[in-house]
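Here the structure comes first, spelled out in structure tokens, and everything after it is commentary.
As written, the chain order gives the labels A, B, C and D, with residue 1 at the start of each chain.
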């Protein structure tokens, strides 16, 4: 239990280079903020990987050294190489945790793991969002009250076209009349996937203390559980031939 | 409720042309047997589609006229065109039911909908299988006793690498020492997916009365529920602007 | 499939005798309205049972002739005899469907079947409620749009202390800042349980066309699937002794 | 994260006083063995409580100091006081973990939390059992291979009348022809419940290294997540009145 959780924070890293407003909120990009608050935890160590690195920073070595991968992307889903997507998917099936943030709902990796189109409704009016805990005993809800609020967010609304989650931790209320399953858990192969709705490239969501708490809790929850398990497709000998 | 359920029985139709033993058990192919017992039901009407038809028999028109698609395949998963696979997946997300049979676990359509690699263990020694009902109140279990048996089957064993099913209806016991979640339900988009394990190209499984009862029940369960629902990704107006 | 679904509509029948305002909205009680719209369906036949009947109208005979029981109660949960509660619970475990309405969340039968305390938050300001479909392919959602609204309702809010539902069909948005899982499905034994939030003794909810559609769909969904199944605790003979 | 998990091992402590054969396998009772291997873990501390203590050893103080309770019982389910059962149930709903072992499936506390009758089939011929991992990435499966075996066990068979588990970790194969969902997880209120099938008063199951690993893993999984959360039924003020 003493070993630290190895987290890779992935970020497409596009907007902050071109978008004035994003640079104001996230001068070094969203990955810098996420890596920052995670690194403050004694049991977590973080590396950053971005789209423009060779193999998007997601080499075989990098992934084999990753317990949990967080995924922020927005403007360049189609620029992620299919080979890398397949590699990340395989890593999840082999036990790596994956935390998909906000607009990452439309990333190739999330859509491949879900098997659905992951569509939703949206609105950018900076309205108030309240995230209600609907599973307050869940490890990802640790340390939170009955709800928490974000004063200005982009709205995401139902129907969110994902498979029925194994567990729903948060449901959002939006001032404009919508609801959303904002914290959803799925098992895929040996790996755990968590989708967390809040986030935006200009609303200052990742600086929020409750949002940081949720992502930190999710990292601990999604940590790889099995070190080794042979799950290959294989011919089995019957029990009798095994001498029993 | 009075309208008949439109079922398309899909079959790769490869083995029966080349394999003597399969021709003995299924002289006209597996699709002919499945279409046969389904067509005896007053509330069901069946068409057959095969790999060698144009667009594998799964044209836009054909799919829009299909409430439930059954999928048998074994030797030619890689010969199914990606364009057709995407089209079938979209039909499921729009509400069409899908029943995947036996070796169909490795079909592209099933793997795309699951998001996992769908691997398992197997053994072809013709051993006894007992399928236990673990959800006897489920519509797919209607009319069955506490278990039913197949005297000679190919074994499939766990770990079956699929997402945790929304519902498990059957668990198989095999004489050789293995178990398997043999009847599994998933929701994907607006559509329902049922995987049913039994089946083989030479063991005479699809002639079995209980197997036929399960597939018939599954057709009724998987029938398209919504006739129309707009689930496209879209911008929403807030409640205030709607004048409320 | 041709046999009609036998529904028993249960109603504590207290308020309408004493409450002026309730008499105005439901002059013959809520059960009369529910029985009324269900009876208009060709495939459904309805009887009414109330608290003040002998055995609350829920005799062994009555229950054995019931496919689906609907439960409205509000003021007199503690007046329901434990013996009858046990009998209803046993009927559900043996396959009878149960539809629990609004304040029925605090009925003995619902709490016994859930195993939790079924508490929630509430507010009676007659605010607007929007019920969003989060599983639009579910049979209970058949014929509905992406959401429907009730202009004036009592609010129920999370955390709703029930076991995580097997399926969530609706999530409510309330003008005052709350959300609620308003349509929830559970399997218990061989029976299906549906909890549906809307309803109140003075707000005119059960006259609403969408509410009536949901309850009608739920009756069809909850209908008893198995006619007979022996689920008693029993000693089993091993396979060898059965001569196989 | 550094604080140790406080476990209370509950044991009816009946059989070992009267049964010669049980005394041979568990000379100091089953609780002594369970407490023994749990106490060897650095992150766990254990106390034992038994039926014959005042309040069965489950006082308010004791429960408020318990993160996880394990429950072994077989011969005296009906001797457990309803008041204590209610108190334990309330503790689970408030976040305490509960691990129910083998014949504990018929304990009052398990049946109250499940809402079903928890019946099953059984056979005492000392046959071989194989527990297959069907969710190898689950924390409770940590450190195990694809299956493990117990050479001589009492058989438990399906249909196991419990609500569909939130997660199934193990499925057992029995030489005599039966299967069983042997490791099942449920959320109840804020607490986590794990049922683990293996165990018997004379077969030497709790001395098995894999069984001990599972129970140890389950203790870590079931540990209370929230320290405080107000889940009482309450009237809520609308958002407007909160000044937002």
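The definition used in the following text is that contacts are C-beta pairs under 8 Å (C-beta built on N, C-alpha and C of every residue); 3 or more make two chains touch, one makes a residue touch a chain.
Predicted model only: the values in this text are computed from it and were never measured.
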Problem set entry | Mutual neighbours - chains that touch chain A and chain D alike | B, C
Exercise. Leaving out chain C, how do the leftover chains split into contact groups?
Worked result: one piece
Problem set entry | Chain whose Cα centroid lies at the greatest distance from that of chain A | C
For this session: Let me have the rounded angstrom distance from the C-alpha centre of chain B over to the C-alpha centre of chain D, please.
Result: 37
For this session: Report, in whole Å, the distance between the mean C-alpha point of chain B and the mean C-alpha point of chain C.
Result: 32
For this session: Would you please write down the residue numbers of chain D that are in contact with two or more other chains?
Result: 130, 133, 135-136, 146, 157, 159, 164, 166-167, 177-178, 187, 189, 231, 239, 244
For this session: Name, in rising order, each residue of chain D that touches chain C in their complex.
Result: 89, 93, 112-117, 119-123, 125, 127, 155, 157, 159, 161, 163-164, 166, 175-178, 186-189, 231-240, 242, 244
Exercise. Which of the residues in chain A end up touching chain C in this complex?
Worked result: 130, 132-136, 146, 157-160, 164, 167-168, 171-174, 177-179, 181
For this session: Could you please specify the touching residues of chain B with respect to chain C in the complex?
Result: 1, 43, 95, 128, 130, 133, 135-139, 141-143, 145-146, 166-167, 187, 189-192, 225-227, 229-231, 239, 244
